[in-house]
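A, B, C and D label the chains in the order they appear, each numbered from 1.
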Amino acid sequence: MGTEVEYTPFELMAVAGARELKNGEIVAVGLGLPVVATFLAKRTHAPDITIMFELGVIDPEPIHTGVGLADPRVWYRSKVLSTFVDMLGGVLHGGRVDVGFLGGLETDAYGNLNTTLLGDPKGKFRHFVGSGGANDIASSSKRTIIIIRHEERKLKEAVSFITSPGYIRGGQERAQAGLPGGPSRVITDKAIFGFDPESKRMTLLSIHPGCTLEDVLGTMGFKPIVPEHVPFTEPPTAEQVRIIREEIDPEGIYSG
Amino acid sequence: MDKVVTLSEAVASIPSGSHVALSGFAITRATMAFAAEVLRQGIRNLTVSQCVGAMDADLLVGGGAVSRILYGGGSLDRFGRLACVNRAIEEGSIVAEEYSSLSMVFRYVAGALGLPFITIRSLRGSDVLKHLEEKAPSAVAYVDDPFTGEKWLALRPLNPDVAVVQVQVADPEGNAWIYGPRWDNEEQVKASKRTIVITEQLVPTEVIRRDPERTVIHGFRVSHVVHLPFSAHPTAVYRVYDYDADHIRLYAEAAKTPEGMRAYLDKYVYGVKDHWEYLELLGGVRHLTKLAADPILGY
Amino acid sequence: MDKVVTLSEAVASIPSGSHVALSGFAITRATMAFAAEVLRQGIRNLTVSQCVGAMDADLLVGGGAVSRILYGGGSLDRFGRLACVNRAIEEGSIVAEEYSSLSMVFRYVAGALGLPFITIRSLRGSDVLKHLEEKAPSAVAYVDDPFTGEKWLALRPLNPDVAVVQVQVADPEGNAWIYGPRWDNEEQVKASKRTIVITEQLVPTEVIRRDPERTVIHGFRVSHVVHLPFSAHPTAVYRVYDYDADHIRLYAEAAKTPEGMRAYLDKYVYGVKDHWEYLELLGGVRHLTKLAADPILGY
Amino acid sequence: MGTEVEYTPFELMAVAGARELKNGEIVAVGLGLPVVATFLAKRTHAPDITIMFELGVIDPEPIHTGVGLADPRVWYRSKVLSTFVDMLGGVLHGGRVDVGFLGGLETDAYGNLNTTLLGDPKGKFRHFVGSGGANDIASSSKRTIIIIRHEERKLKEAVSFITSPGYIRGGQERAQAGLPGGPSRVITDKAIFGFDPESKRMTLLSIHPGCTLEDVLGTMGFKPIVPEHVPFTEPPTAEQVRIIREEIDPEGIYSG
């Protein structure tokens, strides 16, 4: 084994996310860690990735960290500046997006995402952000990757509001709703999950170095499928950490 | 035809109860000066629509001018949530039709192209759709693809009474250019019965004729042109000025409570006669100069 | 990713029997060098589509490479008709699905946006529709508006195998700018499975990043980039060169008879090895310099 | 009466066409005399007309006569250069076009236009231009104006192919096909026609100075409705003729 590389949990999440992307893929990205992960992939093993932001931006090369998609910092040196119809219509709904990369308030055992509200939609609730392009991206991408913090209140048996559908209530429900694709990975700061091909229930794939199975299961709101042997997640390389810290997120806003 | 008027004249053309499509996206190109003048003129009962909710909608809701909002969710990005919109939804004081970005823009597309309806893959299997079926049953329906027999979700076209769009460059007829991504603005304009253009820079039509590929708003759709610098403040206008981070933070903090919001409105909306007084209250030229965009970065 | 190849390599990627969407409109931005190379490579049995038929389609039909054409009618403007296309239709040697400009572009729009079908007001009550119902029954159908119950004509989406587009400026990835009106070209590209860009000027991606609002073709849609000056000759490329009126007249005269067309092909298509030899046959640099566009007029 | 103004039949047609346009209207124009008429209106009584060409052109100010819509001469000094979807979709199909201004190979007693073929569509025929945007313009404009030469073979009881529908076979047929508007005027080099509000059959409105009723009716392929009193068409003014000759069509390509 080489030198031990130090990294934060968020850096590991970004690296794990980056590894999911193949060169040449078209990626629809929400803000935050998904952006860090995608830029990291593009600067390492996947230089021909196309990065798309819903509001009309392709392949920017920002040098300052923005506060959100609406921040002109995020559009710097783009190849295309256009419209929702061009991005979410022509690229996404037109069937060209390979990977949708999303975060959220909550996700659940079937990879449904909630970014809308917490509480009882018909009674007392707190309203948050809503969908933006997330529902569209979750509905039309060939596959979806979810990045979310590993907390009991964020990983629930069923979300209180399905903003962006995963496998709905599992099995064939997503396909029956007429939707292609579905979530392929859920990346938290403790583990990586996939989905059982039949039941579509979340399945533990790997545990991050330094965590135990008990850590992972004890801080979730539901029990995922746990195979007999669960490997450890591959840690970031020194080069990956350097690129995140020096080039992509020097202010440590997303991955610090 | 010269359509240049004051902001006050343009706003006065909008009756209470109108459906207004706004050009803002979170903290960029939001129709802030417009929203403040709507509040000063006491226009009420508006329906507001935009693909991603922005600070303009939050100010209008916070000032009590809105009874219905059609949007795809929204925020002030990392500065915070749309606190006034969220509070009004939680209290039930406005009706919120919540969409996704694409389903909103597809409703504008159908309105723009004169389509009777438009089909979409989004929303299916989600609680967003269940919500719409309850709150806006006349906006969604199902239709069979006549070629395959497959069942599709259909959306009704949207035709707002007026689109209000912040742009960087316009001529006196309303022909306008937008720098940077344009999100739903082109479709809002084409779907709306008429458009009010609020421009940072007013140029002769001769300038428009020199680069007509850039013209994304056609003059004939425009009823009023308002030439008003910093009219999106504190939100950003790409290539003209950056967002005013301190002021957005101040707003986000104030908007967290009804009392805070009232104090904000009393000072920055009702406490000034017009946009020029607002700019002076902020610190005038000295303050605004700090926000000017770097010509290479665009912010 | 660098996708720059020779014209011959790009054309060789198209199997006989493909559906090719062409960027020409009458006598402007027609894919002339491409069409000549298709003929030289002996590719056959193509389906060709474009909103308004242009000289590129006429050359391809005249050379026997086309078995089906989908178009909205077309001509060589005042230089004459599309004589080869018309003759083939009159003789029944090609199948012609004839649309209107909007119904063609709406089929591309549906293909581009992933819509299962699109509704339209055009064609109703016309013999164009009767014709389509006979020749292309799978392209048209009727659907009831789920909101009003009104009956509408529906068109099936169109997804060509490849769009071939003449542009003024492209980078090695295929990000491209089109100066002047773009007619159906953006929708052709978005609807097609892939795109071949033929550009007058090849620029580094750095140039594209300096004015990204102009990028109407996204690099990721492009499989091949061909850098080939005067590749639309004798048709016009706005801001680069004017149409070659004498050569179009010569072609229009030749195309009037099968014999004339054969002689034209023997000399200008089969009589040259490639596009460079064609340009020399025309008179080389001395001749082409006369066609260069005036920088203010654009022609 | 003032000085006699000399003019060609085509100049009279262009002037008659111009008079049909009101200030502020949006006009979708095909090439040829309709362009001359529309530019004339814009330079005289209707400066706020918006001129639209289907391929993506608004309000050009050409200084050279083009060979067709595809000729960059025709796009010079436009305010907008865009797309078919923008023009024929957003403006025309979106319901904004007040006047569609069209020519053709043939028209008939109900204002149907043929630009496709002559002969028997199922047997021997000669194929011409086809629709382009003409069918779209005829289908969605609030009203249509037709300019055509006054010849027996061009003014027929029924066209051999309806490329662009007028009132189809008259009465309510157009409305029943779901189409708004319809032809309001047919302008020839001998007369101006309108349409009977009930039967929708072509109706003689005025005869050009120097022509007789016999000239008009004797050179048509069908009998229009002829009211008891038919006035003469107002002749062009000297200023209108000057503008056409000096500013709009100095080479006399369309109106000579």
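Methods note: a residue touches a chain if its C-beta (ideal position, glycine included) is under 8 Å from a C-beta of that chain, and two chains touch if they have at least 3 such contacts.
For clarity, every value in this text was computed on a predicted model and none was experimentally measured.
A.B. asks: When the contact pairs of B-D are compared by residue number, which of A-B, A-C or C-D has over half in common?
C.D. replies: It is A-C that repeats the B-D interface.
A.B. asks: Nearest whole angstrom, what separates the Cα centre of subunit B from the Cα centre of subunit C?
C.D. replies: Using C-alpha averages as centres, the distance is 39 Å.
A.B. asks: Please tell me the distance, in whole Å, between the geometric centres of subunit C and subunit D computed from their C-alpha atoms.
C.D. replies: Averaging C-alpha atoms per chain gives centres 29 Å apart.
A.B. asks: Rounded to the nearest whole Å, what is the centre-to-centre distance of subunit A and subunit D, using the mean of the C-alpha atoms as each centre?
C.D. replies: The answer is 58 Å.
A.B. asks: Using the touch definition from the top, which residues of subunit A touch two or more other chains?
C.D. replies: 81-82, 85, 89, 93, 140
A.B. asks: Taking each residue of subunit B in turn, which ones touch at least two of the other chains?
C.D. replies: In subunit B, the residues touching two or more other chains are 114-115, 121, 150, 152, 179-180, 213.
A.B. asks: Let me know each pair of chains that touch one another.
C.D. replies: A-B, A-C, B-C, B-D, C-D
A.B. asks: Going by the contact rule at the top, pick out the subunit B residues touching subunit D in the complex.
C.D. replies: Going by the criterion above, the answer is residues 1, 111-115, 173, 175, 190, 205, 208-209, 212-213, 215, 218-221.
A.B. asks: Under the touch definition given earlier, write down the residues of subunit A that touch subunit C in their complex.
C.D. replies: Residues 24, 26, 47-48, 50, 58, 61, 77-82, 85, 89-91, 93-96, 140.
A.B. asks: In their complex, what parts of subunit B are in touch with subunit A?
C.D. replies: Contacts found on subunit B: 25-28, 51-54, 71-75, 77-79, 81, 85-86, 89-90, 98-103, 105-106, 109, 120-128, 131, 150-152, 179-187, 236, 238, 242-243, 245, 293, 297-299.
A.B. asks: Inside the complex, what are the residues of subunit A that reach subunit B?
C.D. replies: Where subunit A meets subunit B, its residues are 31, 53-57, 64, 66-73, 75-76, 81-85, 88-89, 92-93, 115-116, 121, 124-136, 139-140, 161-165, 168, 173-174, 177-179, 253.
A.B. asks: Help me check something: in the complex, which residues belonging to subunit C touch subunit B?
C.D. replies: Per the stated touch rule, the residues are 114-119, 121, 138, 141-148, 150, 152, 154, 156, 179-180, 213-214.
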